[in-house]
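Lettered A, B, C and D in written order, each chain numbered from 1.
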């Protein structure tokens, strides 16, 4: 049974609003940033899914690296407010690791107080002639992502 | 049968991301901005729910105006990308006008192309001693909001 | 003597901060958005400086259209706060229309109250092998921009 | 001779734009965030300038804590682009520690490559009847800030 990936950051002043709390869109953005941190922790990147061409690169590697992850669904429940300079912990795991898409589940805390829960779904794509086309998740990336999968 | 409230705005450059399209959080923010525009169109404001004290103000009016709308849930499906300088139309109606909460449904278009659908739920609150406490939606505000309710 | 270009927009809730006013970065962003609106008013775009290939396109047109405007300097003085739902007018003119760069001057108002003044300088570039290289401002674009030049 | 205060953060995806680089407003916001981090490192906060009432609190302490820092001027020169996932170091020192205002100088780097320089000026204020009024910088805060002053 794997542990969640966990990442944290501070609420910045520009992310608060006139109600005196973090604007709801800031929490949704934290969810995305935690995903990107999860990918980095696995040696991947959301912008190009391998950070370096391996030493034993083959002609297929350029194909293998042509991976991006457009977001197709977001949902978030807001439970409690976050304020300027609060430290927010974002816990993430994968609830779905499909053939062509991934669903992440997020739980946000300040200390032990839950402030939000949410999920985000991204589809695996490659860029062809300037547009994004769906593709299967490459095996190496699937293996890496399974680190944080919960069934 | 009421029509949707409709509002539009242009995608600004700072709202795009390195994938060359409007960042998903921008579309979620457009949904909120369209709600605020809907409230304005009814003479209300999300920050204080009446823009002016009526001529026939009574002592109860200050209570009546102590209304704010913290967001408790957001969901959004992204169907198609939006680019810099695209004009996005956001159509909004109320699917739930409860005793203490409201759920809005949003459909976003560029011309006739649907780019996103979503919903947002806000609860009616008053500010008491610096914190927000749930309250019933005042009758005058409920009447105004019913303009865009669909059953 | 040319008039300023003028553009206006409303302060959105997500642009306010916990001090109850528009965050200073929002005003800086309004300055950029007004520049983009000025360019649009002249049939140009900051992302590609002609919105359509003219009917009488020649082989040089692709070169002519390869124009972008990275920002090299911003300054802004903040005079008075802006609040949620205020309408901000941004007046813009060109104080410098150089061979390779442009400096815009901005004055922001709410009604007759000045809330900020600032300037921004952008250099004319073309994209070559994935990086930006300085270039002279094409004559057609210079002519268009001179509409809002003040000497 | 004091050292600069130094703080670093990663460029997030939502801060990039369609030109593939961090939007200029992101760098300006990093400058503000580094100031807030400098204040935190001294036990202060931009929102209320002491994080806790000291043990030997006197009736004057509530006055002493009524401090905020509206920004009155920002300037920034952009030297080189920052990309998604770059780590940006922001070095800050005070070039002016006046009776009622402070000017910070910022230098931003990615590794040894300078990407921006800038400055920001804030004035010391207290809140009176809902508006901000200028005040002298309290001696305790001045002492703390002098840690990063360069003459």
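Please note the rule applied: contacts are C-beta pairs under 8 Å (C-beta built on N, C-alpha and C of every residue); 3 or more make two chains touch, one makes a residue touch a chain.
Source: prediction; values computed, not measured.
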Enter the minimum step count from chain B to chain D; a value of 1 means the two chains touch.
1
The chain whose C-alpha centroid lies farthest from that of chain D is chain B
Between chain C and chain A, distance of the C-alpha-averaged centres to the nearest whole Å:
34
Centroid distance [mean C-alpha coordinates] between chain D and chain A, Å
30
Set of chain D residues in contact with two or more other chains:
13-14, 18, 25, 29, 32, 47, 84
Quick one: which bits of chain B touch chain C in the complex? Just the residue numbers, please.
12-14, 29, 32-33, 36, 40, 45-47, 84-85
For the complex, which residues does chain D have touching chain C?
18-19, 24-25, 28-29, 32, 47, 68, 70-79, 81
Mind pulling up the chain D residues that touch chain B in the complex?
13-14, 16-18, 20-21, 23, 25, 83-84
